[in-house]
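Following this line, the structures themselves.
Paired with chain B in one complex and with chain C in the other, chain A is shared by the two complexes that follow.
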Partner chain A sequence: MYRIRFHGRGGQGMKTASRILGEAFFLEGFEVQDAQRYGAERRGAPIFAYVRAAKEAIHERGVIARPGLIVVADDTLVAIAAAGVMQGLNEDCVVLIDSAESAAAWAERLNLPGPVIILPAHDTREAGEAAFVGVECAAAAACLAGVISQAYLEEAIRRELAPMGDEVVAQNLGIAADAYAKMEPYAGIVRADGTLSARAYKPPDWVDLPLEGVSLAGPAIYGGVNSELTNTGLWRTMRPVIDLERCNKCSWVCVSSCPDSAIQARADGTPEIDLDHCKGCMLCVAQCPPHAIGAVPETEALAREKAGEPVCAAN
Partner chain B sequence: MPDAGASRFRRMRDLPSSHMLGAGTAMCAGCGGLAALTEAYDVLGENTVFVNAAGCMSLMSVYPFTPFRGSWLYTAMASAPAGAQGVRDALDVLRARGRITVQEDLQVVVLTGDGAAGGMGLSATSGAIDRGLDFIYFCYDNEGYGNTGQQTSALTPHAAATATDAGNSGFPGWKKDLFALWAANKPAYAATIIGGEPLDLVRKIEKARSFSGPRMILALSPCPTGWGYDPKLSIEIAHLAVKTGIWPLKEYIDGRVSHTRMPHPRLPVEEYLKPQGRFAHLFEPRRNEAALREIQAGVDAYWAPWEAQREA
Partner chain C sequence: MRRELMTGNAAAAWGARLARADYLPAFPITPQTEIIETVAQWIDAGEMNCRMVMMESEHSMITAAGAAAATGVRVFTATSSQGLLYGMEMLYTVAGWRAPFVMANVSRGLAAPITLEPDHNDILAARDSGFLQIHCATCQEVLDASLIAYRVAEDARVRLPVIVNLDGFYLSFTREPVDIPSQDEVDAFVPPFDAGPTRFRAGKPMSQAVAVLGGTPYSYFRYETHLAARAALEVYAEATDAFERQFGRRYGALDAYRCDDADIIFVMMGSFATKAKDAVNKLRAIGERVGLLRPILLRPFPDTAIRQLLAGKKAVAVIDQNISMGMGGVLHGEVSAALNGSKDAPPVLASFVGGLGGRDISAEEFFEIAAETRRAAENGETPPPRLLFTESELREIRKLQAIAHVEHGSDEAEGNRNGEGEERHA
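Showing the complex of A and B:
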């Protein structure tokens, strides 16, 4: 059985990618499950989708715990434990990652036992083409699986994207053909594992149940404003950075501009951004009258922080 | 703007320097509905109980987390005003029995999206108005069923493309006038607001709080996800909605409707339509002059009597 997990951010098309791949497997005569896993998350939040395909009936249910292929559409997710990108990784699992960095760098950094492949479109993709990362992932995964012909991949894309119009379909077909062709050297690298059996499951001798405070664990919520325990800062791909030398301290503008209560003013009027909760909408950047708030890619900001350098926006 | 004389918000710098609504909610980045609620909550305060009709804001309070300082009760889409009646009645009983003081009493606020407000929730709303229920009806209007992928709602505007009106012409109908429905039935107070105009907004919430009886707040809520634009444009689009006259900022008190902002001169509606993906088909591959004229004519017709009154 092929078990493939797609990781991305809400809005990147992982749901569509899983549907295209599932449809293509189906056209090849496989039994298929494709499912998207999301809850309260919105655009920018870590999400995942998964596909199971087998020649026999599929009795497995739920999230894929032992994937044969993990597709990562956004490499910033790898560092986020809550995204669970590396969950269930074993030595046979292939990791396909959309990244500007090399496969060797990822293999070393994450101590990956299995093969790592970089989604080749990354370097050549134009700014406006980020919307196609989903179809690239689906096409690359189809080729890596080695049992999906390009014709059926294209038919799947046509079927899944038909409501978006001929022009969008044509664009996606072109991009898919390119991604499929570039993956040819690795065609068939993904292994189809046998079925997992519950009989092989060894129950633990002891299960620790976490004991949580009543503000979290009670049947009714008694702790007000505890939403702040949720780290929506993980959604952010761009970070707003205030240049205090330019700041006019007209903090009522930026405080009001933030829909997420993530900016507050100190007594002297200096605004502060709460990076644990800022979702990166960039409204404060757009609204700041003296243009004192700049936008820095989150990956760059994190790298600078790690190196002990100040994070500031290029103006 | 609403009369500033009695308001504690005389100018922009009187706006709060931090918000009472907690961070960490699951609303989309750049959500115009959350912006309006966040600004309103600073004035409503913690002695507020929200009765939430199913919609995007179902995700405000996802167990075990809440951004509110007070209570929140969840109802089905159609029944939030009925839920509000129950909560109000319970509070009245507690008051009558001396179990809570006047200071401990709560303001009952229905939180609803436009899908529920303009469609299946109308019956319960109508009943609440009939019974003179003492509550605030707060509708975040993102002009579609946003939580499920922006299907057409009764408050979707003419020509907007939605998940259910995806063709080349968008939604063929016209936006239901929820404000007029309320105003026609003599509520204690009704007002339209938008998050991008925070001073106008907080003054209206302040005013709504000062009345008792059925009160309605209708917030146009620019929606990056459903309307198809970059989240950083939410406030700019709110400003354009007001400046083009698409979204009149107004209030109803004592049988009279008055505008708190008269855009003058009004910008052409296409300035508002152009940045939004849901109206892209009006401009590409070629301009749909007939539809643009039709939308402009609708806005002109709305303002004609008010502008004539001002000229006189």
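Showing the complex of A and C:
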């Protein structure tokens, strides 16, 4: 059985990647199971998806414990324990990682026992094409599995992406063909294997849970507030920017409209936005009576800051 | 007929579509929402002729479903977990009305603490409501069970609502190959609902679901509902025979897998049972005579068939993906009741609780369950109930507790951590 796991962030197309790969295996005559696992349902949150494919009926279910291939669409996920990227790594497992760094670097950093391949489209990917990382991952995985023809890969892309229109399908087909071709040197490296024997298995380290008092076993958090330590400002795609010349210092309005308490007023009523914790919901922009708060795309704001220019909203 | 990859949620939607559901009151909840989204898209595209209404809660949704079914139209609806519990008052009520419709429940563990992943405490909370329950293990079963459910629900001997249960994530968001039967074939299998005389019509006043005062009429109506649910055993058998003739797929009230010559049997419900099936195959490969018994019907409970299938076995391991606080695994209790008084009942009926809130059950754990159950059979002693939970998982909990500063919560907690620890969980 082929067991393939995709790790990425919400919005990168990991669900679509698993569906394209699953559909391609299905077209090749395999029994297939593909699924995705959501956690926090928001863009940018770690998600994973997986595909099982075999010539016989599949009874395994749920998260793949012993993958033959792990595809990582965002290398910053590797260090996040909750993303589970490293789960079930073994010497036969291939790791395909979208990264600007080398395979050797990742192999050394993570002490990886099996082969590591860099998704090579990374260097040449043009601005704006990051949205296609899902189809690149699917196409690369299809080639690495070695049993999916390019024709069926393309048919799978057409089927899965049809609702998005012909233009999107055509763009994805081009990018997939490129990724598939770049993986040719490694075609077939992923093994369809891993059947466990019931004879020599490692018994589970079951534990008898002790009864513990409610102060220990009740689901309560006694620690002080630590949400301040989490930089939720990283989630922001739009930045609210206050034009202090227009601001009439009615700060109660914007301060109380912020669902994250990320706006505070100085003694004179001038509001200040805590950009480490502003998630960019733009409620303050909508609420501001004198229309003094504008919205600037975060990428643009960062670029201006880098260039030492002031960040201000267009009028 | 065509074969496509689809999720369990899509399979449930296909069941509603092919059965030509007339009315679908809806309320969204993860992981069920894809069912009503799929139907909504079909209605919008003119592919399905159904009236769908978004209600303000599951309580209203189930009321609307029951009321519509009482007018003689075909009704489908779907919910999950907290939503099922929010509508709980009306589950009992509409079943008492004898209003037949089909509701998909996408199983998800109950709060608190809150989770999205599956176990069966939600559906088992509806166990005594009067709804019949069909538990699915694959996406194909979800589609097929939805069709079978209408045959059973609408039969005049039964006339009760049916829940088709599918596990969240493991079926709801998992695509598998599914045969989609043709509309003509389904039309032949599920003819239009004929409500007979119990049918509301404008201008023809009648009362349904009348109030009663006093134990005598109450007892009569309640027991008749029970008898109708029991009659569903036979009606289900007829429906599944007809289904097999029409579509070639066989569903019993029980799925007995490699049980005939087995001396150890796993008993398990839902999609995790396919993992047990996989383990049975691997254990058989090394000569272990192990089988799997999976109740598909939970209500009515196929007790006689269970008694017959388990007769003469050396030992049984019931693996419950649920827990009744203060009692243990629900299915273990049900199987135990079914075996009560049977002279060739297996001497060992061990209880395992696992898969709570979607916690995985590994192949090694099934191997170990088989080994522990075999040891129990050899020394003739049923082991205490066991929660499938490992040292490594406890380490993870200790880590979370440290982050939450739980150890500083109170002196009592300190005392517990250092002292007691002998009582066994589960």
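One rule holds in what follows: the second predicted complex is superposed on the first by the 192 of 315 C-alpha atoms of A that agree within 3 Å, B and C clash if a C-alpha of one lies under 4 Å from a C-alpha of the other, contacts with A are read in each partner's own complex, and residues count from 1 in each chain.
Here, contacts are C-beta pairs under 8 Å (C-beta built on N, C-alpha and C of every residue); 3 or more make two chains touch, one makes a residue touch a chain.
The model shown is predicted, which means the values in this text are computed figures rather than measured ones.
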| item | value |
| --- | --- |
| First (chain B), second (chain C), both or neither touched by A:Ser197 | second |
| Touched partner set for A:Val285, first chain B, second chain C, both or neither | first |
| Touching partner for A:Thr230 - first (chain B), second (chain C), both, neither | first |
| First, second, both or neither for A:Ala104, with chain B first and chain C second | neither |
| Set intersection of chain A contacts, chain C complex versus chain B complex | 41, 215-216, 221, 223-224 |
| Residue ranges of chain C in contact with chain A within the complex | 5, 30, 112-113, 116, 169-170, 173-177, 271-272, 274-275, 277-279, 281-283, 285-286, 288, 358, 360, 362-365, 367-368, 370-371, 386-394, 401, 403-410, 412-413, 415-417, 420-426 |
| For the chain B and chain A complex, residues of the former touching the latter | 12-19, 21-32, 34-35, 38-39, 46, 59, 61-70, 166, 195, 198, 224-225, 230-236 |
| Residues of chain A that touch chain C when the two form their complex | 19, 22-23, 26, 31-38, 41, 58-63, 65, 195-199, 201-213, 215-216, 219-224 |
| Chain B-facing residues of chain A, complex | 11, 39-45, 163, 215-218, 221, 223-232, 235-236, 250-253, 255-262, 264-265, 269, 274, 276-277, 279-283, 285-287 |
